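Chain IDs A, B, C and D follow the sequence of writing; residue 1 opens each chain.
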Amino acid sequence: MITLLYFARLRESFGISSEQAAPPAEIADIGALLEWLRSRGDAWQNELAPGKPVRVAVNQAMATNATPFAEGDEIALFPPVTGG
Amino acid sequence: MITLLYFARLRESFGISSEQAAPPAEIADIGALLEWLRSRGDAWQNELAPGKPVRVAVNQAMATNATPFAEGDEIALFPPVTGG
Amino acid sequence: MVRVQNEDFDVGAEIAELRRDNARIGALACFVGLVRDLNEDDSVSEMSLEHYPGMTEKALAEIVAQARLRWEIADALVIHRIGTLKPTDQIVLVATTSAHRHEAFASCEFIMDYLKTQAPFWKKEQTAQGARWVDARESDDTARQRWNA
Amino acid sequence: MVRVQNEDFDVGAEIAELRRDNARIGALACFVGLVRDLNEDDSVSEMSLEHYPGMTEKALAEIVAQARLRWEIADALVIHRIGTLKPTDQIVLVATTSAHRHEAFASCEFIMDYLKTQAPFWKKEQTAQGARWVDARESDDTARQRWNA
């Protein structure tokens, strides 16, 4: 299981702020995880479409599509940040 | 007559903070005025020696050796500034 | 020191505390970010700030650590508010101290530029046209990237 | 606004006043210069600041006017103290406000760099080796000149 967190516009579009998920074992990096989430269709397909500016953090550190993840990780998806 | 003002190290070296002076009529720019003041000798010659970093303001605006001055002007001599 | 809080902050008290009794400090630079009543030509009546608890504090601490690697800083303080804010409210305070002014200015601006692009905060504005998430600005990425030049 | 005064100043109160009720301000940058207890490797017990009354105010106002020509500033404040000061005392405050942070940071640093090299103030330090006039620094000239690059 991994913990998925959603913030800001993604949280609103998906209608949830977090979930426990169990992607298939062959899904081992962020690029594959996003592909898997897109297959849920609707808001997932739309918000996570390639080219959309989605940011991902694995265990609270910024990640790229090539970043691997493992059982128990906390993975957060969010739009580009706008604080300050 | 012109008013001469001295600040900081120059004020201390000359022993005065201001004076009314009447340089000869042919002395019409700052370069010539400094030469005339140097002719007083001692601290004047020393502090105003060519190459010493002396700053001059005419009527409270920064001046160079080529800046002219006239009867009634306020001319200030001081070291490079060190505020802030 | 890094703080994320709902409450407002007192700039005078914070910077007095930051430099207290340290006679090696010759320079203090500080920045305050404020809610404007106008953004992208629309009037803004209210703003809410969301963040990623845990990661925010880590990201801010990392930015301050990066600044300390680059400049001789005596101390640095970052306070960022979350929750609902109104025009003229204070959003963020960054203050840095150093022996000399260049280090204080540069580190303060560096921390702000990185905070803007790296710390997980998101703003949602209430405008006359309804609520909207604020878009990230390309100029903020450009501002951050110049530190790598 | 430009002030030269013997009295100390309250940074919090000054910047609150500078931005009061102006919801177009999104950024406030401020700088405070402080007396250090060490200069050129000698301990400093006291400092006295002399200035050229009349010209000082004109020079500071001119520096602020130059900053306004370069950046969109909402307001700018310069307070510089004169007289006798001790380590940790505040010497100078420069604060600028703008819609955006780059303008606030740049104008604040510009004003400080010009103040350091153009405003007629002179510092005399009391050290264990006696009193001495502080020498101007070449690095301050360099800092000012980069604005013309």
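In this section, contacts are C-beta pairs under 8 Å (C-beta built on N, C-alpha and C of every residue); 3 or more make two chains touch, one makes a residue touch a chain.
Since the structure is predicted, the reported quantities are computational estimates derived from the model, not experimental observations.
Chains that count as touching both subunit B and subunit C, per the definition above, are D. Superposing the C-alpha atoms of subunit A onto those of subunit B requires a rotation of 180 degrees, given to the nearest 5.
Note: centroid distance subunit A to subunit B, computed from Cα atoms, is 72 Å.
In terms of their C-alpha centroids, the spacing between subunit A and subunit C amounts to 26 Å.
Between the Cα centres of subunit A and subunit D there is a gap of 48 Å.
Centres computed as Cα averages put subunit C at a distance of 23 Å from subunit D. Within subunit A, residues 84 each touch two or more of the remaining chains. Annotation for subunit D: residues touching 2 or more other chains are 33, 101, 112. Checking each pair of chains for touch leaves A-C, B-D, C-D. Put simply, subunit C touches subunit A in their complex at residues 33, 49-52, 54-55, 58-59, 80, 91-92, 112, 115-124, 133-136.
Those residues of subunit A that touch subunit C in the shared complex are 5, 7-9, 53, 57, 60-62, 76, 78-84. Subunit D makes touch with subunit C in their complex at residues 10-13, 15-16, 19, 21-38, 87-88, 99, 101-102, 104-105, 108-109, 112, 143.
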